[in-house]
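Naming follows writing order (A, B, C, D and E), and every chain is counted from residue 1.
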């Protein structure tokens, strides 16, 4: 499947888009390798590739609605929201950039041994993030009611500061703050654990539906570059880490460490039933998004979760299959 | 703008006419009656001198004629039309100089001559623009809209007139009190208004400069037929310049003495026997006003 | 603060002494020599009247004695000490009233009497604080630090003196020009300074009010021994009030005439024969100064 | 500057304002109705009103937002605003006086103030947390840091504009150096300081959401942030309107103070 | 207000400033050295300097940050600032003049401006994206919206403080109603408008990070955010220092303009 990039232009041909506008985020996954190596630019010579950096999935949702980007990266929580009312964004998920693994976790101060022991304590997490979702999932799994502790909305740098001062007893947060907290704290639950329990969180690609319909070949090329990047992380870890490190302004070692905490899936793995699935058999990611939406509804952040079918039809399984 | 502005002035008509004019300020929670029941008129080409104790409402009266204040009672007519706003037909010298601090002396004087104002000023301008005569100035002066060179020449003459030629580039705050007052006089004269409203214009000047400018003002008035309204504390000045002299009483200001005089038409008013008599009459009236 | 402040004033000493004083302003890129080579002294208890053409540097001179300006050349001594800053021993009436707009007339006059200043003023205060006499005022007046009632009584007397009792609650911008000037005079008199610096204090007043205040000022000066420095454009005023009269030339200001006079000590200076003679001499000097 | 012929028709002003508000709501309603932009970005007046009823606790069907009623959110934010602005304004006046009056401090402190007032709060928020924790202090500090600079700059500039003659007059009347700032400079500079305060309160308002990034519930800013992340734009707009209205109220108070305290403006 | 006895020792001022900066760096170094707070919060001057060299492209071992050199980041932000401030200041002056001069607009527009200037940018950022996309426009708009209010408020207040006699004098000298704003009001209000501009530029600076949240690279604000995300506090501090220094530079320019354009302050 590691196709010659030259194959792509033949497929998209003269009908290729004039430009491909991508919204990326600084997360150590294959997307940064594609960007750093310039693979897309090489594979789509007739297309101007425009990379725009975003800070959150919410901003990516907004940019898609504004029609400012064609393909973007957003966490599973924002995507679950984006597909629900009132947003109802007409986009599809053609790719899972990464499944969140050890890079997001619940860290607590020494002396707290279980999630259940968090009752009455203060735990911080950035609200509306995948971490927030995971924290609540972990609490639910441990049978701790939300009202049994104080959940505080803080951004990662502030979490680190509050932790330093001892204002909080724990936090569900991502790297690199997570790494700092781990030095003095104890990890109770990671997102990898939760994924195993069906509470998967992931960084997803979203593509505007009309773009997908108009330029399937370009999306196919895009998918192949992503697959190529995932494969590079397996075949040449050093090269992959170097690329990512350059994009994140991190040393290759550090980048490699962060990369290792994520679960990256190649094209065939993505087509598995646990993830995106195949045409006619949408994968479990749809259920995942659906349950996230139901969860948000319970939190009164959504007026109602759409049907599972909405999420199933939002998985761009055909595009994935075409790229295979 | 009164429509008359563009028609020739009827010499005999009243340039300024106040009927039953009063003004009441509100301050510190009570009404202060500054002026009450003022009936007054100045024929076109006349010169009215207003004298009265400090605080009796002289400046108030002038500001109403200028269109800065609306009377609480009565009507103020200028050239037959009711005053509603300030206008370029009325040149004003304030009691405090009120020069524009962001302009030099030259800039202040040239303000009323700038081209953009041309259309408004032309008719009034024909009146009081000539300054030649006693001061040795010559030429009939163009106003707004006239070529730059002409405007500059006019500013130069005005600077000479008030003796500020060597400080033309200074800013107002770099002038002495008397110099500021002279600059303000030149500024008001520049566009050649039909009616000049002067609020103690020479108060900050030394005796000699004051006398010289009184002479200049009288010469200008005789030559151009400009109507003058002069507020002054100097009885001499009133007798020298006023074809009509009005004395106001202490607050509330009411007219307690009024007389016409032909002294300003004399060659040497100060030398006339009548001059001393007039002075004495006014002084007595003022004395009565204060007590 | 000059140390002498707390010791009794030696009657014969010079209250003000200028030696070789000059002042040069820099404006519009060139130097303006306002004053040049001024040697001048005023004995304690004396009254110096300064006369000169507009713009000759009279205000500049006063401001240097007041400590607002530092001389470009020479030395300015007040009560034997070099002037480095303004001080409560020198009361100042500015050419423009400069009242504090956020205070009422009463507030302005009371400013120099507030308790907090008490210590500084007591010694100087003993001098010029009494205003009784011609005006019918009575009592020796306490200054800063004195009981509130005493301070209020003093303000009331000053208000009466300048004829502003009925507008004590108004703010400065609600006063006429002359009223502002009178308020400024009252404000400067309030703390009873040893030295009074007056810059054309009566310019905006009508003839009668002016004469009355000249009389009051002279009475106060005779009673309290306050030293006075008076800038004036009125030759009459100079002759009436000045025990020494100085005439400055046009810019750069130099002393071109200086004379001592005993007229201010006379009962009715204006009625003395010498009065007219003095007037004439000064007038001639001024005429020479201008030309 | 005053109109030469002043004529105050309060009724007319009220009418105009009412018409303006009604017009604005009508335009809003039309825009929302026409769906020029998706409803998530321009919610209808109706849905905002509904959220108001639901979160204010005025009707039975709502129990506030995130466990607090609208009033509690607003009160929490206003409290922070009040404390932050009070300190900011006080500090700004003192700093401005020092900078404006003492040349040495102008040289040294002036640049420090300028430097600090360019700093983006989002960049130093974590420092505030490490210094002041996650409770009220960091929020109040941020609001303080937002409110202080406009007041300091306005005060320092106003001090430089105080006519020197006022100071000279006061000194000649016996005021000591130490009294000049309070008795002369402050009142003379009051009009511009009040302008600075008006600007400062506005800037503090714009910072309230950033301040409530840190553990900001209850708080209108926290509510807005939270709602925004879940695209509950009607709540966002509700919060914005409340912020704006309370801002209008305080600005009206300040303008009233300005008119009462500095009546000489434009006349002296 | 001017010192009664002015004495300008530029050398001394420079020396004082240098001493102040040196002192500040020394304190910083000591604090960083003492590790009162962990280095993630207070990086040492040395590491910031190192980052400066690395990202500025001055040494061989660095190739900038996120593909752009420090200079490019700074330039991108300054460009946005310049455009945003230019429009904001221009719009603020025009709005302020209208509000200050036309009573009807004061009634109607005044509250609108007050309302708008309380709105937190973080709350309406997404609207800007919807309206203006993700490129330069939304950033410039945000900076514009930050810079406009202080200027508008200062201008409107300054207009009200213009001595009525100036207007009367001008009208008596033949200036028409239409000329008053430009020939009288603007110059008379210039000192306070310039103060407003100084405040506005500062406020715009504080907004630069918020403005560069979306697609903000190249840009100093974007760089700061990225670095923050990865705990590279030395880069954050570097960015903060650059912002502060450029702010100092522009403020110095504005103060110079103020001195040159309005020399009558404190003397008229």
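In this text, contacts are C-beta pairs under 8 Å (C-beta built on N, C-alpha and C of every residue); 3 or more make two chains touch, one makes a residue touch a chain.
As the structure is a prediction and not an experimental result, all values here were calculated from the model.
Engineer: Using the contact definition given at the top, which chains are in touch with both chain C and chain E?
Structural biologist: In this structure, the chains that contact chain E and also chain C are B, D.
Engineer: State the pair of chains with the top count of C-beta pairs in contact.
Structural biologist: Top-ranked chain pair by contact count is D-E.
Engineer: Would you mind checking which chain's C-alpha centre is most distant from the centre of chain C?
Structural biologist: Checked the centroid distances; the maximum from chain C is A.
Engineer: Look at both sides of the chain D and chain E contact and report whether the same residue positions are involved, with over half shared, or different ones.
Structural biologist: Chain D and chain E contact each other through largely matching residue numbers.
Engineer: Of all chains present, which has the mean Cα position farthest from that of chain B?
Structural biologist: A
Engineer: Between chain B and chain E, what's the gap in Å when you average each chain's C-alpha atoms?
Structural biologist: 48
Engineer: Averaged over CA atoms, how far is the centre of chain A from the centre of chain C? Could you give it in whole Å?
Structural biologist: About 84 Å, centre to centre.
Engineer: Using the average of all C-alpha atoms in each chain as its centre, how far is it in Å between chain A and chain E?
Structural biologist: 37
Engineer: Mind pulling the chain C residues that touch 2 or more other chains?
Structural biologist: Residues 67-68, 85-86, 96, 171 of chain C touch two or more partner chains.
Engineer: Give me the residues of chain E that touch two or more other chains.
Structural biologist: Within chain E, the residues that touch at least two other chains are 4, 37, 41, 126, 130-131, 163-164, 168, 225, 228, 267-268.
Engineer: Can you list the chain A residues in contact with two or more other chains?
Structural biologist: Within chain A, residues 58, 65, 157, 160-161, 164 contact more than one other chain.
Engineer: Give every residue of chain D touching chain A within the complex, in rising order.
Structural biologist: 38-41, 125-127, 129-130, 133-135, 213-217, 222, 225-226, 228-233
Engineer: Sort out for me which residues of chain E touch chain B in the complex.
Structural biologist: 163-166, 168-176, 179, 183-184, 187-188, 190, 262-264, 267-268
Engineer: In the complex, go through chain B and note every residue touching chain C.
Structural biologist: Spelled out, the residues of chain B in touch with chain C are 25, 27-28, 32, 51-55, 58-59, 95-96, 104, 167, 169-171, 174-179, 182, 199-200, 203-210, 233-235, 283, 286-287, 290.
Engineer: Name, in rising order, each residue of chain A that touches chain D in their complex.
Structural biologist: Checking each residue of chain A against chain D gives 58, 61, 65, 81, 86-87, 124, 127-128, 152-155, 157-158, 160-162, 164-165, 167-168, 296, 301-302.
Engineer: Which stretch or stretches of chain B touch chain E in the complex?
Structural biologist: For chain B paired with chain E, touching residues are 66-68, 85-88, 90-92, 94, 96, 98, 100-103, 111-112, 116-117, 120-121, 144, 171-173, 187-188, 190-191, 193.
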